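By written order: A, B, C and D. Residues from 1 in each chain.
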């Protein structure tokens, strides 16, 4: 009891004494963790956008809604003819599967999504070609399949996939660069705040050591301070991320439906997981930064 | 001479003594300035993208290349009829003007740009409507103008402008938020580095004051240190920005020409101006941060 | 209580602070360490509470060889030794009471022990009524009394004092010596380094004289010389 | 050289460090300030170099009233006053030479002045051959000599010394006093606060005794009492 009270009192006093460094540490940690969180969120958004093309799918043949198994035989025959020639494999995505694809594709545009039902959604054949680079062959196939009865439309990956995955790679590389640089800065700062705090209290620490306080007793309030900074940074980042994600999701609804952005949102609960990860990450850098500092500078 | 040598020696020693705080300050300043620079660059890229729609232009009528003045009379008559009814004003963008538009629009795609020449580029009529929100009226106009002889195509702003300016607003708001937060952190950090440096050298400072050194003599090495940190941060940010901009420009060339991204690059020299601004900004926060700290803590 | 056996302490290859020193302090004794500046007095005191470790020899405190004591046992050792310094080492932002209580708090003593022992020791050093003053509101002699109270509040077996009267004028210094004498009277072993001839001559206790790291005199009821 | 007129210095409404003190030190004189701890000796010395300002009265140094001197003139004043402290205040990361040169560097003296004056003053204080040592490689007495050299290298009109022998053993302290005496012999005014009875009694110079902020004795060729 006495110990706990002592610890919180010392931690509080220490923060009060050096507010600028603490504030700067928290800001840097928060921005770093925010960019980290946004990187995860953006990645997830892009993944949504690309989800229907997973597994090497390069062509999707959309089938008119309501086309029964008998009516799809023609299409499957046509696909079967190419099996082993230009197509490696294909799979049928039925109504349930197509609806779940739509859930992700129109995550940011609930109005459009709500117009798609079991009755009117086109089902899909997802086609994996033998050689994805042979775009001409795929285009030829598309033109042939478009002629088939009950085919609603045919889409090729190259039209979309290429741009998006390039964008994804570009964005993640540089946001990752930014958050790592800032994370290094935040760790150094927390380390430094603790070092400064310990230096400011070197007289206390000297006396504590002389009267026989254990190293852990001396160390703990400082580690608590670092932990607090990391967690505060993480919490601020989580809230900011939640806010930005919300604004973006609201913004995307207002975009034109054909802008290709409607899948670029995260509303499936992943944002909460990221929020938690961000706070834990903050706690981690806080503890590591302060722990190293406290251990290193205990011999003041 | 003696003074200058003294100053640089002291500054150097001071940085050596407290590398973590200096490194953290520089990283934070650099990332802040980088995001600041990128915000400017992105803004400029978006502006390029939107440049042909400047001044309330909501519709562009593209005229076949080679159509002479006599052949355009029909178009101008049609426009003149609507003047004051649905159209507020219109202006003709001749070959030279259209080429310079293309310079910006295909800045990221020199191959496409090089295929446009004085001989084959469509010229443009840029139309400002009385009421930009009456999209139906504009669509009606488009359909009518498309029928006119020598009209190559007609584009409406709403198809492009809306999404892009929303994106621009969104991106700049949050990147600006990030760089301002980090800028605050960087200033606090430089302030703190200097304070720490002065605290670490309080014995020296005490002796200096006792033997009759002037305040400016004591203050200058510390301000130099802060300036150095700010400028280093700015320089790192400039280099990183230049690198990222280069990679992006190279990436955009590989995007499909119809991706609408070809204008989203900055190659017109603006990036050098931004680089300079970033370094100057770094110098500014360095000087302000260290100057306030040095003046405040001279009474140690 | 304290025993040094052939102790050599070097700070570097040239600086030999103590050179093959052996000496013993029985329980309850009062010993003056004297000698010119740099003769190794402070070093010897720092060996006793393991602030320094000797290169050679062994140091026994309260029946234990402390030279190779593991680090996690040192706090326990130090709880048996009270330290007093020339510059008091008080915490300037804490009151008299808090300064003394601090020594109990940080070794995890519960509140009821603190509220019982601190007033008792404040009374012992004669500072009753000044509990709520801050160090800067006290004279040097009073500050030294606080530092003695802090060193003694835990009832250690040994008090170690490094020039405790160095910053005090003669009559204030005498008051401090009377206090240390009283504490010694309760059975606490006291080892004190000093430059103060008058005090040594007045007290007439055992005097150990160091010179360049060597004991050159060890005299019962000695004088400063 | 120094004149205080009805000077009162309060640190707070209760703490009156100096109470209506007047006294004068002519050029070239050697004055001891004595008195019990807290009597105001250090405060008086800090008034002379404008580290403190009195609430009432005026302080004249070298013909100027320094109480209302604007801040930007203070450096010039301090170049005329050398300071010596009990704890030397040497810079631990600089050698003897650098410590002394530092005092000239920071007032903007050119290199050729430094390389001429520093060796001269090192010679004066008897530290020739130890220019490249660091403070921790020196005895306390030697450190104090460095601090005196630093205070004197600029040939100030006044030397102000606050218990310069407080940390030194008697014989080392006597050496320091001989040095200060020599410097005083060159015409430099010396004001020195001390607790050291032996030194005061041996020197037989003017003694000004303070008690609770009041001058209670001012005696030519006095003793500590």
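Note that in this section contacts are C-beta pairs under 8 Å (C-beta built on N, C-alpha and C of every residue); 3 or more make two chains touch, one makes a residue touch a chain.
Everything quoted here is computed from the prediction, not taken from an experiment.
Student: Touching both subunit A and subunit C, which chains are there?
Tutor: none
Student: Measuring between Cα centroids, which chain is at the maximum distance from subunit D?
Tutor: When every chain centre is compared against subunit D, the largest gap points to A.
Student: Need the CA-centroid distance for the pair subunit A / subunit B, whole Å please.
Tutor: About 27 Å separates the centre of subunit A from that of subunit B.
Student: Roughly how far is subunit B from subunit C, going centre to centre by Cα mean, in whole Å?
Tutor: For subunit B versus subunit C, the centre distance works out to 67 Å.
Student: Starting from the mean Cα coordinates of subunit B and subunit D, work out the distance between those two points in Å.
Tutor: 61
Student: Multi-chain contacts only, two chains or more: what residues does subunit D have there?
Tutor: In subunit D, nothing touches at least two other chains.
Student: Can you tell me which residues of subunit A touch two or more of the remaining chains?
Tutor: In subunit A, no residue touches two or more other chains.
Student: Looking only at which chains touch which, which shape fits best: line, ring, star, complete or other?
Tutor: ring
Student: Per the touch rule above, enumerate the chain pairs that touch, sorted by label.
Tutor: A-B, A-C, B-D, C-D
Student: Of all residues in subunit C, which touch subunit D in the complex?
Tutor: 15, 35-38, 137, 139-141, 166-172, 195, 197
Student: Please output the residues of subunit D touching subunit B within their complex, sorted ascending.
Tutor: 49, 71-72, 74-79, 83, 89, 91-92, 102-103, 105-111, 114, 150, 154
Student: Contact residues on subunit A for subunit B in the complex?
Tutor: Per the touch definition, subunit A meets subunit B at residues 20-21, 23-24, 27-28, 30-31, 34-35, 159, 162-163, 166, 170, 174, 178, 181-182, 184-186, 188-189, 191-192, 195-196, 244, 247-248, 251, 254-256, 259, 261.
Student: In their shared complex, at which residues does subunit A touch subunit C?
Tutor: Touch list, subunit A to subunit C: 1-3, 6, 203-204, 206-215, 217-218.
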